[in-house]
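In C-alpha cells below, several structures.
The following pair of complexes shares a single chain, chain A, combined with chain B in the former and chain C in the latter.
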Partner chain A sequence: MSVAALRRWIAERVPIPIEALRQPLREELPVHLKSWLIWLGGTPLILFGIQAVTGILLTFYYSPNPDHAYDSVRRISTSLRFGWLVRSVHQTGAQLMIVAIMLHMIRVFATRAYRRPRELNWVFGVMLFLLTLGFGFTGYSLLYDSLSYWATTVGTNLVGNVPVVGRSILWLLRGGPDVNPNTLARFYDFHIGVLPTLMVLVLGAHLLLVRLHGVAVPEGDTRRQTYDFFPDHVLRESAIAIVLLLALVVHAMASPPGLGDRANPNVTPAHIRPEWYFFPPYRWLKLVPMQVGIWTSTAFVLAMLFWPWLDAGLERLAPGRRLGVWLGSAGFLFTLVLLLWEALS
Partner chain B sequence: MSLTAQKFLVALLSLALFASLIVVGGVDARRQAEARKQAAAALDAAANPQLARGRAAFVKYSCNACHGANAAGGIQNLNAESGGQVNDLLRVSETYTAAELAEKIRNGVPEVGKEDPTGPAPPLRMPAFRDLIAGTEMTDLLAYLMSLRPAGGGKGSGW
Partner chain C sequence: MEDASRVPRRRFLANLVLGASGALGIGALGARLLAFLSPPAPPERVVEYALGPLEVVPDGGGVVRDLPSGRVAISRRGDRVQAFSAVCTHLGCIIQWQPTADHAWFCPCHQGRYDRDGRVVGGPPPRPLVPVVSEVRDGQIVVRMVLRLPVDQV
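For the complex of A and B:
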C-alpha cells in the first residue's frame, strides 16, 4: 500500500480535517519572545513532561505501603539498574520545575501580561504553581525517611489550623486523626492520580487560553514583527529541553539524592524542616501567632491568585504610579527574605 | 513602563531568586556533608565496639569536660602554655605510644606550664586517674584516643 493510499484509508475511517490540526502550529509569536529573559514559559511544560515519564518509571518499583516504602526507595536508589538516575532526575526536575514556574511568573508579572483580557490565564497559572507545590509536598512524603515523615506530620498539622474547613481537610489528607498507614496511600493517590489529572486539565486550559489570546505584547513594545511558532519557537524550546536534560543527568551523576534514616513515628528528629520551597511560609508561621500566620498566608495566596484585578484596582486608585509593580516586587522580595532566613537559621 | 524597564525588572527579580537559591543550596550541601560525617562516625562506632566503649569511658570520666566534646579541645584554661586552652587530643597517636599515654592518664598533669611565666597558674590541671581507670576500660580508652584524627586529615579525606 502506498503512503497516499494509507492516508486515504485513515482519512476515510478517522474523518479529522488534517488542516485544522496543523493550525495550532501556524501561530505567529511577537518578536519580544525571542529575548532569553522572556521565553521561559515553555520550560515548566518540558519539565512536567520529564516528571511524568520518570514518575511513571518510579511507580514500577515504588511500594506505597508504610512497611515497604522506605525499602523500595532504597532499592530504586541502590540496586536497580539506572534507578538512581531516574530518581535523581525526578527529584531535581521537581525542584527545577518550581524554579521555572517562579521565573515564568516573574516574567508575566513584570510585563503585566495578565491584564484584561488575560486575567483568567494568570489565575490558571497560579493554580498550576499551587498544584506543583502540592506535587512537591506529596512527593517528598513518599520517601518515608525520618525527615520526610515528620515534614508530612508537621505540614498536615498546619492544614488543621485553617479556619472552618481545616479539620475536615486534615482528615481527608491523613485518613485519620494522625499520620497513619492510610496517609501514605492517600498521598500516593494524590501524587500520581488526583494532582496529575488536575494538572493536565488546568494546563490544557492555560495553553488553550494562551493560544486563543495569542502571546501578550508588552507595554511600550512598538515592534510589530512576529516569528513562527513552528519551527522557530519549537526549535528554541527543544534546545531548552536538551540543556535541561543534560543538566539533570550531570547533576544526578555529581550528586545523587540521599535517603535519611527509616521513619520512626516514635522518634522526632532534631531539626524538622520542609523542602526549601516551603521555607517562606514555614518561617512566617514561626514568626507570628498561629492564627495570624494562617490568615495572612491565606490572604497572600488569594492576593496572588486574584492579582490581575488587585493590580487594576491599584492602577485606578493611583493612575501611573505603578503601585502594583512596587507591591508585587516587595511581596516577592519579602518571600525571598523569609526563604533565606529559614535556610540560614 | 518601557520595555527596557520591564526587562530590567525581570532580570532583577530573577537574579534575586537565583542568589537566594544558591545560598539555600550551599547551606543545604554543608548540612548534608555534616550529616554524612556523623553517620559515618556512627557506623565506625558500630563496626568497632571497642572504640564505642572507649568513647563511653571518655565521657564517663568527664575527659570531655576539659578536652572538649570528641576530644576536639576548645575549653579555656587561662594562661596555659597550650594557647590559653586545654589541649585537644586529636594528635595523641602521633606524639605518644599507647604505653606512654596510659602513664599520662594514670599520673595526670599536676602542674600545667604557664604561657606567661609572670602570670597566674592555669586553673585547670589534669587529675591522676590511677585509682579510677584500669583493665579493659583503660585499654578501650587508649584505643579510642589513639583512633582520633584531626578533622580533614587522615581517614576519609580526599587524595
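For the complex of A and C:
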C-alpha cells in the first residue's frame, strides 16, 4: 500500500480535519518572547511533563501503606536499578517546578500582564501554583520518614484550625481523627489522581486563554516583529527541556536523594521543618497567634488570586501612584524575608 | 405579536422540572460520595492505664509515654503527679520535657512552651495542654484516657 493510499485509508476511517489541527502551530509570537526573562512560562510545563513521567515510574514500586511506604522508598533509592535517578529527578524536578512558576509569576507581575482582559489567566496561574504546592505537600508526605510524617501532621492540623469547615476538611483529608493508615492512601490518591486531573484541566484552560488572547506585550514595547511558534519557539522550548533534564541528571549523580529516619509517631524530631517553599507560612506561624496566622495567610492567598482586580481598584483609587506595584512588591519582599529568615535560622 | 425569543410556558416548566430533579439527584449522589470519603467515627471508651511505680518518672522531672490511647506527658514532684495529653495544642506535634527557668514542656515544631501545670508560657499554642486524669494508687501511677479503635478497623 502506498503512503497516499494509507493516508486515504486513515482519513476515511478517522475523519479529523488535519488543517484545523495544524492551525495552533501557525501562531505568530511577539518578538519580545525571545527574551530569556519571558520564556519562563513554558518551563513549568516542561517540568510538569518530567514529573508526570518520573512519577508514573515511581508508582511501579511505591507502596502507599504506612508499614511499607518507607521501605519501598528506600528500595527505590538503593536497590532498584536507576531508582536513585528516577527519584532524584522527580524530587528535584518538583522543587524546580515551584521555582519556575514563582519566576514566571514574578515576570507576569512585573510586566503587569495580568491586566484586563487577561485577569482570568492570572487566576488560573495562581491556581496552578497552589496545585503545585499541593503536589509538593502530598509528595513529601509519601516518604513516610520522620520529617515527612510530622510535616503531614502539622500541615493537616493547620487545615483543621480553619474556622467552621476546618474539622470537616481535616477528617476528609486524613480519613479519620489522627494521621492514620487512611491518610497515606489519601495523600497518594491526591498526589497521583486528584491533583494531576485538576492540574491538566486548569493547565488546559490557562494555555487556551494564552492562545485566545495572544501573548501579552509588555508596556512600552512598540516592536511589531513576530516569529513562528513552530518550529522556532518549539525548538527553543526543546532546548530548555534538554538543559533542564541534563541539570536534573547531573544533580542526581552529584547528590543522590537521601531519606531520614523511619517515621515515629511518638517522637517529634528536634529540628522539624517543612520543605523550603513552605518556610514563609511556617515562620509566620511561629510569630503570630494561630488564628491570626490562618486568617492573614488566607487573605494573602485571596489577594494573590484576585490581584488583577485589586490592582485595578488601587489604580482607580489613586491614578498614576502605582499603589498596586508598591503593595505587591511589599508582599513579595515580606514573603522573601520570612523565607530567608527561616532558611538562615 | 408573540416574541419569538420567549420560551413557551410548557417547555419552560419541563426544563425547570428536568433541571431541578437533575440538580437534586446529582446533589444527593455527591453528598453520598462525600459521606463515603468520611469514615465513621471510631467508638470510644475510657481506659485506665497503670504506668508502673512512682519512680518511672524521676522526682522533679517529666516523661512522655506512648499508650494505646495516645501519648501522655507526666511530671512528678514528690508524691504528686500531673498528666497531660502530650499533643501540642498548636499544631499537634509531641511535646518534650525540657525544664528551664521559664518552661517545663517544649514543642520542637514551633517552639511552643508550657509550664508544669500545662499553661502556655511562650510560643504560639492557643490553649493550655489538655489534662489527663491521673492519680497515685498503691504507689503506682494510674492515668485514665479515652481509647479509640484504629480508624481502619471500624
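Note that in this section the second predicted complex is superposed on the first by the 345 of 345 C-alpha atoms of A that agree within 3 Å, B and C clash if a C-alpha of one lies under 4 Å from a C-alpha of the other, contacts with A are read in each partner's own complex, and residues count from 1 in each chain.
Note that a contact is a pair of C-beta atoms (placed from the backbone, for glycine too) under 8 Å apart; a residue touches a chain by one contact, two chains touch by 3 or more.
Because the structure is predicted, anything quoted here is derived from the model rather than measured.
If you put the two complexes together on chain A, you find that chain B and chain C both fit without a clash.
Contact with neither chain B nor chain C is seen for A:Pro117 once the two complexes are overlaid on the shared chain. Once the two complexes are overlaid on the shared chain, A:Gly49 sits clear of chain B and of chain C alike.
For the superposed model, the angle subtended at the Cα centre of chain A by chain B and chain C works out to 70 degrees in steps of 10. Contact with chain B, but none with chain C, is seen for A:Ala343 once the two complexes are overlaid on the shared chain. In the superposition on chain A, A:Gly204 contacts neither chain B nor chain C.
Taking every C-alpha atom of chain B against every C-alpha atom of chain C, the smallest gap after superposition is 16 Å. With the contact threshold set out at the top, not one residue of chain A is in contact with chain B in one structure and with chain C in the other.
Remark: chain C residues 34, 37-39, 41-42, 64, 66, 71, 90-96, 107-111, 123-124, 126, 148, 150-152 touch chain A in the complex.
Interface residues of chain A facing chain C in the complex, by the touch rule stated above, are 150, 153-154, 157-158, 161, 168, 171-172, 175-178, 180-182, 266-272, 282, 285-291, 293. Within the complex, the chain B residues that touch chain A are 1-3, 5-7, 9-11, 13-14, 16-17, 20-21, 23-24, 27-28, 32, 35-36.
Residues of chain A touching chain B in their complex: 32, 35, 37-38, 99, 102-103, 106-107, 109-112, 218-221, 258, 260, 276, 279, 322, 325, 329, 332-333, 336, 339-340, 343-344.
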